[in-house]
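For reference, chains read A, B, C and D in written order, and residue numbers begin at 1 within each chain.
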Amino acid sequence: MINVSIAGGTGYTAGELLRILLRHPQVNIESVISTTSVGMPVAEMHRDLLGETDLVFTGTFSKPDVIFLCLGHGLSRAFLNDNNIPTSCKIIDLGNDFRNDPLFNERNFMFGLCEQNREQIRTANNVANPGCFATTIMLALLPLASSNSLKDEIHVHAITGSTGAGKKPGETTHFSYRDNNISVYKPFTHQHLEEIVNILKGAGNNDLPQINFVPMRGDFTRGIFASVYTKWNGKMSESAVIDFYEEYYQSSPFVFVSKQPISLKEVVNTNKGLLHIEFHNGYIHITSIIDNLVKGASGQAVQNMNLMFGLDETTGLKLKGTAF
Amino acid sequence: MINVSIAGGTGYTAGELLRILLRHPQVNIESVISTTSVGMPVAEMHRDLLGETDLVFTGTFSKPDVIFLCLGHGLSRAFLNDNNIPTSCKIIDLGNDFRNDPLFNERNFMFGLCEQNREQIRTANNVANPGCFATTIMLALLPLASSNSLKDEIHVHAITGSTGAGKKPGETTHFSYRDNNISVYKPFTHQHLEEIVNILKGAGNNDLPQINFVPMRGDFTRGIFASVYTKWNGKMSESAVIDFYEEYYQSSPFVFVSKQPISLKEVVNTNKGLLHIEFHNGYIHITSIIDNLVKGASGQAVQNMNLMFGLDETTGLKLKGTAF
Amino acid sequence: MINVSIAGGTGYTAGELLRILLRHPQVNIESVISTTSVGMPVAEMHRDLLGETDLVFTGTFSKPDVIFLCLGHGLSRAFLNDNNIPTSCKIIDLGNDFRNDPLFNERNFMFGLCEQNREQIRTANNVANPGCFATTIMLALLPLASSNSLKDEIHVHAITGSTGAGKKPGETTHFSYRDNNISVYKPFTHQHLEEIVNILKGAGNNDLPQINFVPMRGDFTRGIFASVYTKWNGKMSESAVIDFYEEYYQSSPFVFVSKQPISLKEVVNTNKGLLHIEFHNGYIHITSIIDNLVKGASGQAVQNMNLMFGLDETTGLKLKGTAF
Amino acid sequence: MINVSIAGGTGYTAGELLRILLRHPQVNIESVISTTSVGMPVAEMHRDLLGETDLVFTGTFSKPDVIFLCLGHGLSRAFLNDNNIPTSCKIIDLGNDFRNDPLFNERNFMFGLCEQNREQIRTANNVANPGCFATTIMLALLPLASSNSLKDEIHVHAITGSTGAGKKPGETTHFSYRDNNISVYKPFTHQHLEEIVNILKGAGNNDLPQINFVPMRGDFTRGIFASVYTKWNGKMSESAVIDFYEEYYQSSPFVFVSKQPISLKEVVNTNKGLLHIEFHNGYIHITSIIDNLVKGASGQAVQNMNLMFGLDETTGLKLKGTAF
């Protein structure tokens, strides 16, 4: 059994991690850390866990084999400075602290996109879990980047659910505002762009074209829907590209290419990524969907843990989707 | 023209009042008061008003003929203490300060349920605008109360939209929580119960039975749907009661009895109240719907203003519903 | 391994059954029957199953150990007449054909509410799976009925998600109608009332008072929220009743009593039932929530299968909830 | 008073037209035509109109000054063939029959985008009302097209509400499917593209670049949100372009440029179009929002009627928005 500690235990990604790990056959959760709720039963905060756990929030960890950092962006570095985590304990960071800046003291954070870095993750001691937007867009583009096929500007619109904005309530997550509403935020300038560019280059597309990225706020809770296109000057036909994608993801147990157009709820509450590819007017158009809290955060973190501890990649992650 | 001032100008009911009054043919809005946003254009706060007004929030009023208090429950009394409002200026309070306690200095607040107190409101200088739950439930029961027909316990479930909880974001108005969710709050103990009891007694049902009231939070933004029933020992048949209701509301231009079952969106964005009545198993069952921000707040406030200033009751209030 | 056949394979409950059974460690799905889609891959109809199964709809079954009937209300009897199902094959009917009328030829259908009939189900060959409304309301009342404590009229409002109305689109499941809307249907006369009355009497409350049941259509997809109250003349205090409920459900692995008020999404995508109990004004008020497609249909059907085949009741049913 | 007839009276756009025209001070609705519901009160079909009209569906028109065709795409031509409409009666077609093919017998349909063709509409006898997608996108691009500034490919993602798909229920408008879901349909090939291209060319951008248009289905009922960008090689700065847009729309009473980012609900239930413009990375990015049923259909149709009959363009169209 893997002894697990979760730091930042009251937030959305920690809750989702608990939902997954409480059903994971190889995991013992030793501690759920919170600075604000020490002594409170975990199921009083994450109310859907009633009847599933007697865990209580603690102020610190004991002797975990791995610690998940669910702290909010920018807080992981401070946590590692303040807490002496033995080098024998692996770290999986769900924040963005080490995605673009992988060094911390003697630790080196591997970028945890399993579909790209599967083998390196198996031997990594520390993993920077990818962001949810980046994961969605990367799954759409990785095969092309790996074959150095991204030559022309890339156009991306991606719509995210409200859970991507975290637990703290605010104007744009107020139900009265968000319900039946749509808006754009940080067009062309979203902070995930750097992460996306780094991965695509790392995948083999060194001379990367400009990416035009328009993020949108959707009026749903879970999921990201990305619509991605770029001019296609390659030699492969539509069906050849689809075959190429299927081959590329053959060893990835959670990513599938759909022959039919896809809709977001086909992946909600699962660790899957679904892709659909069409050629039009000289463009290749790819739609890509994930659940931002699962494949875009806590599910992918567990997938990384499975790899790091030599387990089957899908252990504890064959989750029943909601579909509706 | 009626010179209007609005106190508490940044909240939901003030925004709704502005939406209505900016189209009212007999109104000039002289000031929109805010303690926090003086100098900000009103349309920067209430963004849907872009292109409709150049008003700017001010710190105080000038010489209004009427002032609407949109201050949040419990703050109207303080506002009246702090501001010397001339007795020539009428007051319409959208808070709950004077609903159950109508006296303030020499001012006497008339309870502003037009369908009950139409004639008294015409001559009132100060009106306490009814609460949204109370309005919905009162419209369902007023005809029975007026004929002293409420003899047995009354059972009420009423589901409210998120705008009823106001602008300040919180846990139960977070989109991630509220979307696709339902919950009960303050069952049997909601603060509007006192208001409801007072009105029903005032309407002629002195010996009022117990009211069992279960309020619920719905996952929609606007509207209240109330399901009300009580044992029926009266002599009238179902169709006779329906006729009686129609007669009771004949002079009320916004309340209608529907022969068909009703659904909430039939009244959204209007000042209407719709009722549907059925007899079953010895019970009379009444469903009642309003838009909480219009008939349940700002629309009813304007209806009161119209009466107080001798205008046709419907002036500026024949609003196009959304239906969808 | 249990060989399973599913009749009526294209509908909502069949899809949900597939989502559960494809992850069930003791099940082999031998056939998914459809009269309209023979030859179509199952994952083309239930699109979220892409990558999870290669099953194809067939016209009939082979040699199943158990057949699930997901045929729509009233069609199970016809199916059994038309298909010669060997007596060695168990039947679990998700329709309402045998709930109130358990006899069919030599087969006798046990009512499959596990929390009430656990021991009889273990030895049953045929089970009539309870309805979703009935399950929600029964979980709220079973402990009281079992102690013959229901003496006074029972008041129930229950709000259901759209999936309860099935796959066939219609006026009241049109998104343009349903979104942000609420309505009542079949108040006091819903067809599930008979089922509820039968169970409560069977549980020991022979002299049952009238049940006033107002079903409502909610603007969410999954779940039923029931608010139930009745006068409390019993001797137990609120906390004693809560203890009694906890004791009653101690051997039921999916039913829990929450000390805190509950909201619907705490059970969505799980097989759990959550209850919350409060005393007010001489009434006992119970809120009860389930996911109508899981505990209210396909999950409970699998729970019944587990019991019928001697498996642990929770096998394959410890599902990760969505929470959001 | 203008005598109005509405053909196709039971659909969504007819309902919306009724909501508007019943409040229009210069209109008398003489007939609401339906082939399927003759004799039924209009308020039984469009239930939110209860208390607002006693109109009954008829089989034909009498002597209207103008007839609105709300028949569904492709059915207007047949209606005009089957019904002898006197040339003295003006026609406003809400279908797409004459948008790209304006000739019908001796009648010539003017394209009814008021912001482009205001003067020609004033003297037109027949108007083809623009499509909802086209209206949204045109409002974003008209100023650039009018100055022949569209030189590089145009990228458009536009998300539509469910009412755009009409009243007939189907798979993608089923609440269980649509709620909390997002999907793409007809990417790069939507039938509105031709309409858009025609207008932009007609506005002065003869040598039009390719338009890449990805339509999406949103999980809301009303509105279209378009995100549009193209490379900017012009000389004007961001603020100069904003000034240019404001000047272009100065005489258009319903179109406004917002300095702040916009969200869809700022226009819901109004006839307004809101635009927001930003420059990024060499691109001009424009977001554009309308209510598809109002400015995208029935509101714009009334705006056209006002122009055709010499009324102020805004008569009956200063509608209160819902905001929430």
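By our rule, a residue touches a chain if its C-beta (ideal position, glycine included) is under 8 Å from a C-beta of that chain, and two chains touch if they have at least 3 such contacts.
Computed from a predicted structure; not experimentally measured.
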item: Most remote chain, CA-based centroid, reference being chain B; value: A
item: Chain pair with more C-beta contacts, C-D versus B-D; value: B-D
item: Distance from the mean Cα position of chain D to that of chain C, given in whole angstrom; value: 46
item: Inter-centroid spacing, chain C versus chain A (mean Cα positions, whole Å); value: 34
item: Mean-CA-position distance for chain D and chain B (Å); value: 34
item: Chain D residues counted as touching two or more neighbouring chains; value: 12, 162-163, 176-177, 179-180, 219-222, 262-263, 265, 268, 324
item: Chain D contact footprint on chain A (complex, rising order); value: 155, 157, 159, 161, 176-177, 179-185, 187-189, 210, 212, 214, 216, 218-223, 225, 227, 229, 261-265, 268, 278, 280-281, 283, 285, 287, 324
item: Sites on chain B touched by chain D in the complex; value: 12, 15-16, 19-20, 23, 44, 46-48, 50-51, 162-163, 179-180, 221-222, 254, 256, 258, 260, 262-263, 265-270, 272, 274, 293, 318-324
item: In the complex, chain A residues that touch chain B; value: 12, 162-163, 167, 169-171, 173-180, 219-221
